[in-house]
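Letters are used for the chains, namely A, B, C, D and E, taken in the order the chains are written, and counting of residues starts over at 1 for each.
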Amino acid sequence: MNCDEINVWLDTLLEEINEIKVTRKSDRRVRVDVDASSLPALLELLKGKASYVHLSAISCVDWPDDEEFELVYHCWSYEAKSLLSAHTRIPRNSSEEFARYVSVYDIYKPAGFFERDIYEMFGIYFESSPFMEKFILTEWNGPPPMRKDFDAEAYVNETFNWAEYNPDWLQEITEEGGGIAIRPEDVRL
Amino acid sequence: MASFNSISELLAQLLFMPMLAFLLGLVMVLMYRKIAARLQRRIGPPFFQPVYDIVKLYSKDTQISHGLIHDIGIVVAVGGYVAAVILLPVPGMDGIADKGGIITLSYFLMIPSLGMALGVGQCANPNGSIGISRALTAMLAYDIPFIIVVFGVALHYQSTSLVGMIDYQQAHQWGIFEMPLLAAAGLFALQGMMGKHPFEIYVAPAEIATGPMVEMSGKFMGGLFVMQSFQFYVASVLYTSLFLGGGANWFEFLLKIFFVVEIPMSISFLFPRYRTEDMVRIMWKWPVMLALIGIAFVI
Amino acid sequence: MSKLGNIPVQAKSEKKRTNPLARVFDELIQFCQSRSMFMLHYCTGCGAIELPPAMTSRFDMERLGIQPMVTPRQADILLVTGYVSVKTLKRVILTYEQMQSPKYVIGICSCTVNGGMYWQSYATAKVLNEYLPVDVYIAGCMPRPEAVIMGLRRLMSNIENGKGNAWKDYYERYDYYLGNQQHLFGDDWQTPVDVIGEAKFYDLEGEETYGEHTRTLEQHQEPLEAAVMRVKL
Amino acid sequence: MRPENYQAVRLPSSNEYEIFIGPNHPGIEGNYAFKLRLDGDEVISGKADAGYLHRGFEKLMEGRLWIQNLAIVPRICVPDPVPMEVVYSLSVEAISDIEVPERGQWIRVLQMELSRVASHLFTFGGHAATTGMYTPSYWGVADRDLALDLFEELTGGRVYHIYNIPGGVRRDIPDGFLDRLGHYLDYLESRQNDYDNLLFTNQVFVKRARGIGVINKEQALEWGVTGPNLRACGLPFDVRRDDPYLIYDQLDFDIPLQDAGDALARILVRRDELFQSVRILRQIIKHLPSVKGPVRAPIPNPLAWNVPAGESYSRVESSKGELAYYTVSDGGPKPYRVHVRGPSSMHAVQVLENVAVGARIEDVAQIMFSLDACPPEVDR
Amino acid sequence: MKKIKYEDIGSILNPLKNLQFFARKPITEDLEPRPAAKIYRGFHLNDMEKCIGCSTCQKICDNAAITMVKVPHLKEDPVNGIKNLRPAIDYGRCCWCALCVDICPTGAIELSREYVHVCDGDEVDSYFILPQEKGIHGTEQEKGWTKTASNDLLARTRTDMGEMTPEARGDNFKEIVDGYTDEQAILEASRCVQCGMCHDSCPTHMHAPEYIRAIWKGNVEEAVEWMYETNPFSHVCGRVCTHRCETACSLNQTGLPQGSEPIAIRWLKRYAMDAVPHERIKEIVARKKSQEKTGKTIAIIGAGPAGLTAAFDLVKRGHDVQVFEALPKGGGMTRYGIPYYRLPDDSLERDIDVIQSMGVKIEYNTRIGEQISMAQLHTDYDAVVLAIGLQSGRSTRIPGSEHKDTRSAVELLRLIGNHDGDEAGFDIPRTAVVIGGGNVAMDIARSLARYQKQRFNQVEIIVTAIDELEKFPADKEEIKESLEEGITIIPSRGPQQVMIENDQIKGLKTWHVESVFDSDGRFAPQYDDSDEQIYPAEMVIEAIGQMAETELLGNTLTEQLEWERGRIKVAQDGSTSAPWLWSAGDCVNGPDVVHAVADGHRVAESIHACLTGNKVSDGKLNDE
């Protein structure tokens, strides 16, 4: 299947799957917006019929204002040499411990790693993935840290102490009437 | 009957020979590390480095022992070599070599590995256990050709006395010329006995975190360092005695033993280690074959 | 001696030394200790990338008698190369406690001093000497091999002059260190090493060896069982 | 008084036991752990344990200005930092439509390839050391160090260069740099024989590396293997060729291939790649003086730089494989989200876990090094 | 390249070839540290003299490693944009990325090639350093990573603004500059590094960093809100301010190879004021008005910037304010002293309208001292502010300066200001000489030039002053634009005599000036009378300074008050020796709009404090 065929195929896809929007950003980058319910079907088709065999990554973006998580599945086709990013949005479920979505591990094996990562970092539970356990953050008890409502800087200031320096030159300057004027945390942009 | 003089002389020899062996062993350790450095294009440790290491290890404040057997194991390991040393004649000193002979020596040479196994077995560390099982396997591997070589040599000289062998060689011809195949097989066994690459299967940092040594610390580690220097000495003197005619004088002797020990050391840094089963296969194949053919020639 | 430990700790005799040669002997030992340092092969952070060059041909640490060792039992120096994540910090402390005295810690990179570039990170510990006593710091992000070697030489001269004693501080102020560890890891934090027992043994108990945090430890600690190994030989 | 790492775990089946490789273990690359369940010498199952190097990079980046993140990205992969800088810059440039001047692009490729050389030299040493041969690692690290000297001269930093910046590179190459680079390449080529003799045609090494950690083509595609590891399985895919960036389409280079998919094939692919990089660098030395112009396109004042809202997925070929950044901007002064897809996040976790099964304990370390896994890429 | 096939089993002998390395030399380096590369990023250096304490390095630092430390023994000079803050660096945070070097506006901070710092565990204090010219250990160090044109991260050139060409503007009084468009303003605002030098140098301490930030964010209303915090004359100041902020701006650097221009703070202010609809501005400003009335009444004499600012502030705080103005329109010198092409009337009107919308009552055409006496005011009001400005020009008092065609610039400008467009209100001379090198001289010269262009289609005006051209008090832009408009500027000339023939001025005799000040720094010009020149002129205009007309005070009050060099003596807060009287504006400080505004604030503050009883009013002057 060459590049043109895939383009044609993508166009026919529009009719097959509900509520799908295809945007061609360049020769090698295609953005597809798809409803959460149709995404696994789309990925299945992409892998099975359109040579997008390589799942490069699954990215998650937190949009607390919309109360949604955006999941982006980046699939690469070695034959067509094009990258298709399938975007979908799922509800954030802020009131519960996890947001929930289905795993695509049965379609793409690499999804196992990325889904586990998202599970830890964003608190999205992927149904039927065999890896839904802590991996990197085994010794972390806080909220999923990558969520926008987790304020890392506040947490750090609360948890850790900072080194306190009082070198000779500073003491001399303080005696002269000077001293520390602006601390770095005062000017964070 | 041994006169009082000869007894005191013997006692002096028994004291002096291990000390000498230790000192020479330390120089060999230094040489080993210097060779490594040279091949690896660097300068290497200072002259007294082996001494510093051992003194430091013995002077550690914390000394963790894993029980009596652990302590004894190390003593046995070092003691095995010390015992071996006094069975090895050097110029001017025979120790009890004429009484022990090469068969006794072969037994003594197994003691260190067993001692280590005894000690390490107490450590309850899986890496140590794997390491020691490999060490014993390795011993099994190199001992077969070694015993065949020893047997062949004894057969050739019609004697089990090292003193006798050395005298014979100094009178006639070096063993290496008379039985080159056995000498070659011996070289293999030597490499294995010294535990140098490619037969260094039990001290494998990347695989089992240095195996038997994993729980050794402080003076126990120091004991292993001492053992290593004895090991170099024993292996080189044994080979020299068997095939290179020992030493008529100290100069010749030192030249020979350092030359002998230099060979496995140089090779060591140019090879990776074999897997355990590869080592066994190779040890039982080439050296054994060589040694058997050698024996056939001897007979 | 040790409540927890199943393995006795032996130390050099603490008897008052009357031998006139003792001083010379001590100096010899210090000299050897400074000339022979085994460093633990533990890459805690990104600064570890400059250790291979420092160890290998170009900068050759072995000139100074320093060589890598793979287990904490045999190591004298723990190089904390850069940031330590909380998860790693636990291992670093376990490792440190298992090292044999005298032992030394070198804090490399900015991160060990004040959090470095990960000062905002929720996952890394910021000030290393709150958790472990540090002997020498080497500045840089990361320090070049030459700087690492200069740091090691500094440690060598400290040991030779009898100054490398930070490890004693760990016993003398164990409550402080333990408190910081508990703050990070929770009150049930416990290591397999009976530090208080060792402190008693070395006669290094200070006023701050005991305190509120060691009491917390006593409440939470569970005796360790000797694990049974089943290795097929 | 037993290290936690080595605490033996009793298992119901009498002959099985578990051990840890890492995080403090010479057989592990970096601060990473691999839990093994063994039956005798044989691995029954393996489980990666990551997070020892976790710093929460992605969170940190959301809290820093676009330009401040330059200093932090190279830390994601320590042995091979240049692609990290480049891919981050590329992604920012893609969102904000900045065109890098041609000279800047050439200098970027120069760094990328020099970094690949350095990284591969490092890997040779590591790989050899896992089989018990240390001399190549002494040589490899020392020869890599010469490359670092060049980096130092070019960028002012030995390991972390922080030299690429959205818009190009921070400074032009110093006088005479290309000559010295040329000398270094000559030197590398003169060393080829030594390395071949010592490592690549060393019978013992070949014997140990052959047949270890075999990945076949189907598995490679299924597990998302990329980079040299994929090419060692006989699949000629390379981001530089398939999804060209910078000026790679103007360069002439081959993609080394092997079919066997084992540790030996992988190290041979790396060896060939190293000399392909030398070839590319030679082309750059020849061509760069004729590319005139600035090295950097101007960017707005970094303290007040709002990258327009948008997203980009930028990929490069690092020495480990496919490296990609998914960057989202909400039009603010800081990134809204950056997702780092390090090649090792596949190789060091799922691939390693799968390949290790059935291997012998002595080969586990070799498998990990032959996959050239870089733990910080997993942990981030 | 030699190909190695996968199938090769290799050789056991190959590795042995490397035994040759016994014969090769080691490649190990010396134990002592090598010198680092030329652009190595080692420890910091800071040129303490060059550093201006702007703390930009602190803002770019991604690791929060930089603390600004006040070093008292260094120079603090807000007017020239120098603070005595210096960066101190925490090596427990620093990552040596050198972004601080790349962003530094002055190029003071640099990295050295020194890279070894080792300390014991208890010496961590040595990680916190104050970089100086010497390295971290006080030794001379070579420079490593420094600033070059290519790694400079700041945008050094101003965003261009559209303006009329000299040809297009030469014959009319339309405003010259177009003002920024939205994109230009955001681009220009983005250059700001938020150092606050502008705030410190501004007489009225406008919140320039904040409103520039707001403009950059696209939030012009916020910007306007910030401006009205400190300046009710933002329309005026957005056009004609002397912009000391731009002089002090960190980006105003000389000595960098790539050059560096300050942020166009004044134009940004103008942009923001113009971008918000007038009615909206009134709403924004009205939010700040106090809801409670204090019941106090205040009279202010003079509806110029100082008077109206004081009025604005006082009204905001709930006082009743009555302004008296002698002229028919408000604005004072901003209306009657500044030509339309620099400050169009409607801008001024809008400013005054905003002030009036707050509740300030203004009575025009009311001359105090004639219609109402000071004594009357004293009894009717709780406080009186004298903000009468400087209405009359100083004279050179050279022979002929009393001639009717020797005019003062202020007077002419007032005439022009009173008339619309093409009418000047006086006869335009064919040739004229202007004495003086300040902005007033330029204003009158350029105004006259426009009239000349209209009437005679040629410009024959000479501006001459005793200063050298570089030391002219006028803005550089003014001089440049004057020259573009065909005005001749002749510096270093001392006027000696107005040449009069038949009661008609024929020209001005001048001598070359050798030096202006004597060795003690006093004004004592030395002339070279051999270099004498006569510039032909029908009219000679003196623009060498202004003074106040204080007759309105009346004799009693004049005697009561303390005086200093012909000006009423006032305290820092504007209070005079009479407890009910304050004085503010040009009549106190000399001519400058923004100073007048600042004065207005100060006086309002003082009056408020005094009237609400927060401060004892009696004998304030003597207390100071």
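Simple rule for what comes next: a contact is a pair of C-beta atoms (placed from the backbone, for glycine too) under 8 Å apart; a residue touches a chain by one contact, two chains touch by 3 or more.
None of the values given here were measured: they were computed from a predicted structure.
K.L.:
Could you name the chain whose CA centroid falls nearest to the centroid of all protein CA atoms?
P.N.:
Of all chains shown, the one whose C-alpha centre lies nearest the global C-alpha mean is D.
K.L.:
Taking each chain's centre as the mean of its CA atoms, which one is most distant from chain B?
P.N.:
Greatest centre separation from chain B goes to chain E.
K.L.:
Can you give the whole-Å distance between the Cα centres of chain B and chain E?
P.N.:
Here the centre of chain E sits 88 Å away from the centre of chain B.
K.L.:
In whole angstrom, how far does the Cα centroid of chain B sit from the Cα centroid of chain D?
P.N.:
Spacing between the chain centres: roughly 43 Å.
K.L.:
For chain A and chain C, what's the span in angstrom between their mean Cα positions?
P.N.:
Centre separation, chain A to chain C: 39 Å.
K.L.:
Using the average of all C-alpha atoms in each chain as its centre, how far is it in Å between chain B and chain C?
P.N.:
Each chain's C-alpha centroid was found; their separation is 35 Å.
K.L.:
What are the residues of chain A that contact at least two other chains?
P.N.:
137-139, 145, 150, 152-153, 163, 189
K.L.:
Enumerate the residues of chain E that touch no fewer than two other chains.
P.N.:
Chain E, residues with two or more chain partners: 15, 18, 26-28, 36, 59, 62-65, 90, 92, 95-96, 124, 127.
K.L.:
Could you pull out the residues of chain B that touch at least 2 other chains?
P.N.:
If we look for residues of chain B contacting two or more partner chains, we find 37, 39-43, 64, 124-126, 130, 205, 209, 214, 270-271.
K.L.:
Go ahead and list every pair of chains that touch.
P.N.:
A-C, A-D, A-E, B-C, B-D, B-E, C-D, C-E, D-E
K.L.:
Quick one: in the complex, what on chain E touches chain C?
P.N.:
Listed in rising order, the residues are 26-29, 31-34, 36, 43, 62-65, 90-96, 115-121, 123-124, 127.
K.L.:
Residues of chain A touching chain D in their complex?
P.N.:
Chain A residues touching chain D: 28-29, 53-57, 59-62, 72, 74, 76, 78, 81, 83, 85, 108-110, 112-114, 117, 121, 135-139, 145-146, 150, 152-153, 189.
K.L.:
For the complex, which residues does chain B have touching chain D?
P.N.:
36, 39-42, 64, 124-127, 130, 197-198, 200, 204-209, 214, 269-276, 278
K.L.:
Which chain E residues qualify as touching chain D in the complex?
P.N.:
1-2, 4, 6, 8-12, 14-15, 17-18, 27, 36-41, 56, 59-60, 62-63, 95-99, 102-103, 111, 144-145, 148, 150-151, 153-155, 187, 189-194, 213, 216
K.L.:
Please output the residues of chain D touching chain A within their complex, sorted ascending.
P.N.:
Counting only chain D, the residues touching chain A are 48-51, 54, 56, 58-60, 63, 65, 221-224, 226, 235, 237, 242-243, 303, 313, 315, 322, 324, 326, 328, 333, 336-337, 339, 341, 345-346, 349-350, 378-379.
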